[in-house]
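Before I ask anything, here is the structure I am working with.
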Amino acid sequence: MPGLLEIKNLSKSFDATKVINDFSMEVTEGTLCCLVGPNGAGKTTTMDLVTGRIKPTSGAILFAGEDITAKHEHVIARAGIGRKFQVPAVLKNLTVRQNLEVAYSRQTNPFWNLFKFHKAGLKEKLDEIATLAGLTTRLGEQAGILSHGETQWLEIGMVLMQEPRLLLMDEPIAGMTEGEIEKTARIFKDLQKTATLIVVEHDMGFVREIADVVTVMHMGSMLAQGSLQEIEANPRVRDVYLGEKEAA
Amino acid sequence: MDFTRRRLLTTAAAASAAAIAMPNIMTSDKAYAAPLKKGEPIKVGLLFSLTGALAVPEEDSTLALQYAFEEINKNGGVGGVPVEPVIVDAKSDFGVYSEKTKELILREKVTALFGCYTSASRKAILPTVMQRNHLLYYPTCYEGAECTQNTICTGPLANQHSQDLIPFMVEKFGKKVFFVGSNYVWPKESNKNAKIWLEKAGGELLGEEYIPLGSSEFGPVLNKIRDAKPDFIFSTVVGASDIAFHKQFKQEGFKVDTMPIASLTTGEIETRAMGAEFGAGHFLSAPYFQSLDNPTNQKFVENFLKSKYGKNGVTHYNMEETYLTAYVFKAGFEKAAAAVGFENVTPRAIRDHSGGVRVEDAVSPEGLVWIDENNFNTWLKPKIGQCQADGTFKIVKAAEKHVAPDPYSIYPDAGVCTKDGLKAPDGKVRTNVI
Amino acid sequence: MGNLYHNKTAQWLVYTAFFLGLAVIPSFVSDDFLLNQLATYGVYGMLALSISLCWGFGGILNLGQGIAFGLGAYGMAMTMQMQSQTESNPIPPFMLNNSLDQLPWFWEPFSNTAAGLILSIAVPTLFCAIFGGVMFRARVSGPFFAIMTLAMLSAFYTIILDRQPYTGGVNGITPPSPLQLGGFEIDPYSSTAYWIVLAILVTATVVAKLITQSSFGLVTQAIRDDAERVRFLGYSVAGYETAIYTISGAIAAFAGCCLVMLVQYVSPAQLDVGFSLSMVIWAAIGGRLSLLGAMCGAFLIQGAQSYLGDAFLATWLLILGGFFIVVVRFLPNGLASLLESALGLLATKPKTPAAETNGDAKPLPAE
Amino acid sequence: MDLGSLLNALILGLSIASIWLIAALGLTIIYGAAGVINMAHGEFIMLGAYSSYMLQYYLGLPYLLCIPASFVIVGAVGLALERGLIRYLYNRPLDTLLATYGVSLVLMQGVRLIFGSDPKYLAAPEIFSSNISLGFASISSFRVVILLVTALCVLGVWLLFYKTRFGVQVRAVMQNKEMAASFGINSSRVYMMTFALGAGLAGVAGSLFGVLAIVLPTMGASYVVQAFLMVVTGGGSLAGTVVASGVTGELQSIFAFFTNDTFARFVIFVLIVVFLRFRPQGLFAQAGARR
């Protein structure tokens, strides 16, 4: 059975610099895959490529067997890929409730939405997600005044409101407290029952806790892939990581 | 406002019922000017722009009219009653022209309007003036091709303006001419007339170019003129563009003595703004110049510049034409009052009695003029002046006889403008043709 | 945050009161001039409304609203002009003067009043849909889109000025008699004309208000906030932007028709850059985030221009410009936001969060 | 049509291009470096013309000295404006557009109150009122002056931005304000200086246009839309504006040669819109991050 997401020989250059270099990866449905690698390895660029924010120079991306290479962002999102950004991107001037409501994007056609004032199933879903994200008391606030952690939760909440088949989480736990990190791990594990996740993370502790599969990127290419134990035992990964740490 | 809720509802209901029953409440029979009373001043509206792009010429128009009415009031007023000008600012905005017209007619209930410098603003206010059967004095040259029963014009029409200028220039400088104008109606219509005179004089048209209104880039046009090598240029460029045109003419190396510009617009004001060095040597056709040598004009220039209205230090054709409207109004009003009685004078009555009224040599700085009995434009004598090094104009030719205004001179098929409307060749008469 | 300002019911009540107030004016005002003037303000209100919808709720600053407005106005003027042409006199006089002896093809449909009226709205709306569609697909946004609309406006202005035989050039079109509808002549100074304008204004406002409260409105507000983010939620940003730009253009086209009905005149000045910028000023001063606020801004500025303008003859533009700067600098959401803060201070205990919805406004009626 | 006329049209196109370029140069700097859409740019040009007029009329300063003096005066006005208003609006680009439109209303009406609404006369040395003839081609000497001053200004700006420490700072701030701040660059000061510089360049343009055309309170309005189009088409960079002005200037001259001026303008407006449809980022986009 082919993976839910297949990345085949993906390359991306900006001017003369190759940021992604012949990168291939496959994510099986129902797994939680962690994407790790030193800064500049091309993790976020890969996310950008998958979600259509930038177009690849060559290569193909398949989602559920369908070619989504270089499609528009909204088309890819509608196909079932949700994304949380590295720098939390919420709609700062709208209320928390409105943020979640917008993210509930079952109907995306502008003309239908002109005549829609109540969305079926919204209330239940919104209550559920708000409770999950711990934002029930903050629903009326402007998203712009939330703390960093709350903003992270709101964005995670938004992605969940989208009900995607594949979730891309770019550094979801940055700025969270210990307790929150634990909660996030719990939620991710929960989500895995219904969806597939790719999580970009630096925190190896967190990765250890959640990952089914770990993919290591370096200089725009795949360095290693496998279970956490395999990765930790891989000498090349060690070199790269240690070299990186010393340089920094 | 004090009212009970019930009353409000009933009035609202009654009003809407009335409105639905008679959507066309008003007709032109209603009198829209205040009933005149002997001893009370006659209100007239002065509708010019005092701010914005049109303020340059129109502020002078307001000043000239204020001066004229002060002079008239000092000498006994109109029909024995002083005139009270109501001055508004049209802000160079056609929407405001329209709004102010309504305000003057409907609220101030003036007896006549004096206003506008451009055809566009005139066209913006004419619907109101015509619908209210009111009266507009339009004091500037224009293209004609209009026949309404509610306007009187004292400026030269396109057919009067260039009648002498073109033959004069052809005779003096040569047959080949290039037409340059601003890109709008008046220059194009003026050029159509000019072509007729040019053909009669045996001249040859080498090219015709129109510049966007307000544009100051004359490079391409001057290049075309350089290639065409005409003997003179006939210009209907207006406003700020006109000044840029004269400046660039000289900067591009054109020589005024071999290829002068014969203009319908470049008067004393424009020359001063561009600097006399750029204006000197060019020609202008107009019914009036500040330098006209007659006692009435000398007195007019002296008194006007001395008065508080003469702050801009110059008199020019447009001001003088505006000044004349006050006297045309006086004559028309008095004639109407004699015919129907002072209290019964309406704007329309003034207009109907204005046919043939004269402003005599003793009053008119440009000399005797009178209003045509059919089309209510003005019989006048166009003159040609040449700009001197000091920015004044030297009269080089004055028409022998008065030239008749003919708004449809180049459109004989359209008909003839009569007192009651445009009489088409098939005999049908249409009112208010604009 | 139990701010009454954000209460939907309160908003609708104030809107209703405002329009009821406007509706009864003709019953006590017998001044033809005032009625006509108020109707004209209604047209300006419509324009401010359209800007508020597009800019306040969609985040699209449109400096070229004069295009839709002007095209609507020209359509109406052409319709009215053709009403006064007869069998024996089939061509508008200004065309004869420009040596046209046949009616141009694109004037033909305007001989039929119904077709003319439909075209007056349809053409500008279609233009907005196409222009907006093309621009938004190319992801032209923010200040760039503003400049593009400005360029397009200048292009229209130039071409209307240049094609004198078909458009009347700078003199524009002056239909000699008022609009005839179903055998009735609509006197521009009558309460009928006033109510027609008011009815269109009310309809436009209600439609706009409903749009802002619909799911569509929520998405456009999200786009205003961060268009990039909204794409990843699955919405076609270009589609939404085009739609709201087009709806706003259609309202402006209605305004253009109404204006010509009231003043019987159209000229390229309707497409002047300065006029389109004043629409933005009205909305900005009144409060672009509030439909009613923007409308009141138009009433306020135009009223002041009419009644204070002459008193402060020379300094009027100075005052207007200065006032505008102060509003932009200190009150970016306009005068309506003053009321919002005032009511915010009054609000005591937080109500149920359900009461809060979009950031629409509720300024007091001007009277 | 003969070749000589076409050549003349091409030479004239160069001159038109230089006029557009000098009008847009200040705007480019202000937009490119600070991201401010300055709607008052036209009024800065107008102020330049009026300062030259004032210096000449009241102090009798020779025209060629009026040009740098206008640079200083209008630059100072720009500086004051930046300190008093613009600096509070840097993160609100649409609001700067609106606020500067308010400024333009105030400046226009202010000048009208002081100097009246009638046009003023700005004299240039007699030598500029002639033309230079190169056989079949001919151009007015004043147009050559404009061309030279424009070239000088562009060169100056280029040197300043690419060869000096200040230029490095400006470009650093353009790229990333926070990063630049961490290197000790005072971005507030950089913005202030670029704004003043841009305003000063508008002043230079004004003192040239005053001689070429007319000195009026409303004179700036006709330049601002065109100048914007140059900047946007060019993508906000110096090279972009130079190329955009060059191409549109030539195009305008050639279209005007074959058709007429009004139509030439229309075609150019439409071409620019079409061009930006396919290259919304302009000719040469800024390297600065958009997000």
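Quick notes on this structure:
In this document, chain identifiers A, B, C and D correspond to the written order of the chains, with residue numbering beginning at 1 in each.
What we mean here is this: contacts are C-beta pairs under 8 Å (C-beta built on N, C-alpha and C of every residue); 3 or more make two chains touch, one makes a residue touch a chain.
Remember, predicted model here, so these are calculated numbers, not experimental data.
Among the inter-chain contacts, the highest number of C-beta pairs connects B-C. Between chain A and chain B the centroid-to-centroid distance comes to 73 Å (mean Cα coordinates, whole Å).
Rounded to a whole number, the gap between the C-alpha centres of chain B and chain D is 38 angstrom. If you average the Cα atoms of chain A and of chain D, the two centres end up 46 Å apart. Centroids built from CA atoms put chain D at 33 Å from chain C. Touching of two or more other chains is recorded for residues 109, 112, 260, 262, 265 of chain D. Chain B has residues 51, 183, 212 in contact with two or more other chains.
Chain C has residues 158, 161-162, 228, 314, 316-317 in contact with two or more other chains.
Here the touching chains pair up as A-C, B-C, B-D, C-D. Here chain C touches chain B in the complex through residues 23-24, 26-28, 31-34, 36-37, 40, 88-89, 93-94, 96-98, 158, 161-162, 164, 168-172, 174-178, 184-192, 195, 263-265, 267, 269, 305-306, 309-310, 313-314, 316-317, going by the rule given at the top. Residue ranges of chain A in contact with chain C, taken from their complex: 51, 53, 72-74, 77-78, 82-83, 85, 89-95, 97-99, 101-103, 105, 107-111, 113-117, 119, 139-141, 158, 162. Those residues of chain C that touch chain D in the complex are listed here as 61, 134-135, 138-140, 142-144, 146-148, 150-152, 154-155, 158-159, 161-162, 228, 273-274, 277, 280-281, 284, 314-318, 320-325, 328-329, 332. Within the complex formed with chain B, the chain D residues making contact are 5, 8-9, 12, 15-16, 19, 109, 112, 117-121, 123, 128-131, 133, 138-143, 209, 211-214, 216, 218-219, 222, 252-253, 256-257, 260-262, 264-265.
Put simply, chain D touches chain C in their complex at residues 37, 85, 88-89, 92-95, 97-99, 101-106, 108-110, 112-113, 221, 225, 228-229, 232, 260, 262-263, 265-266, 269-270, 272-273, 276-278, 280, 291.
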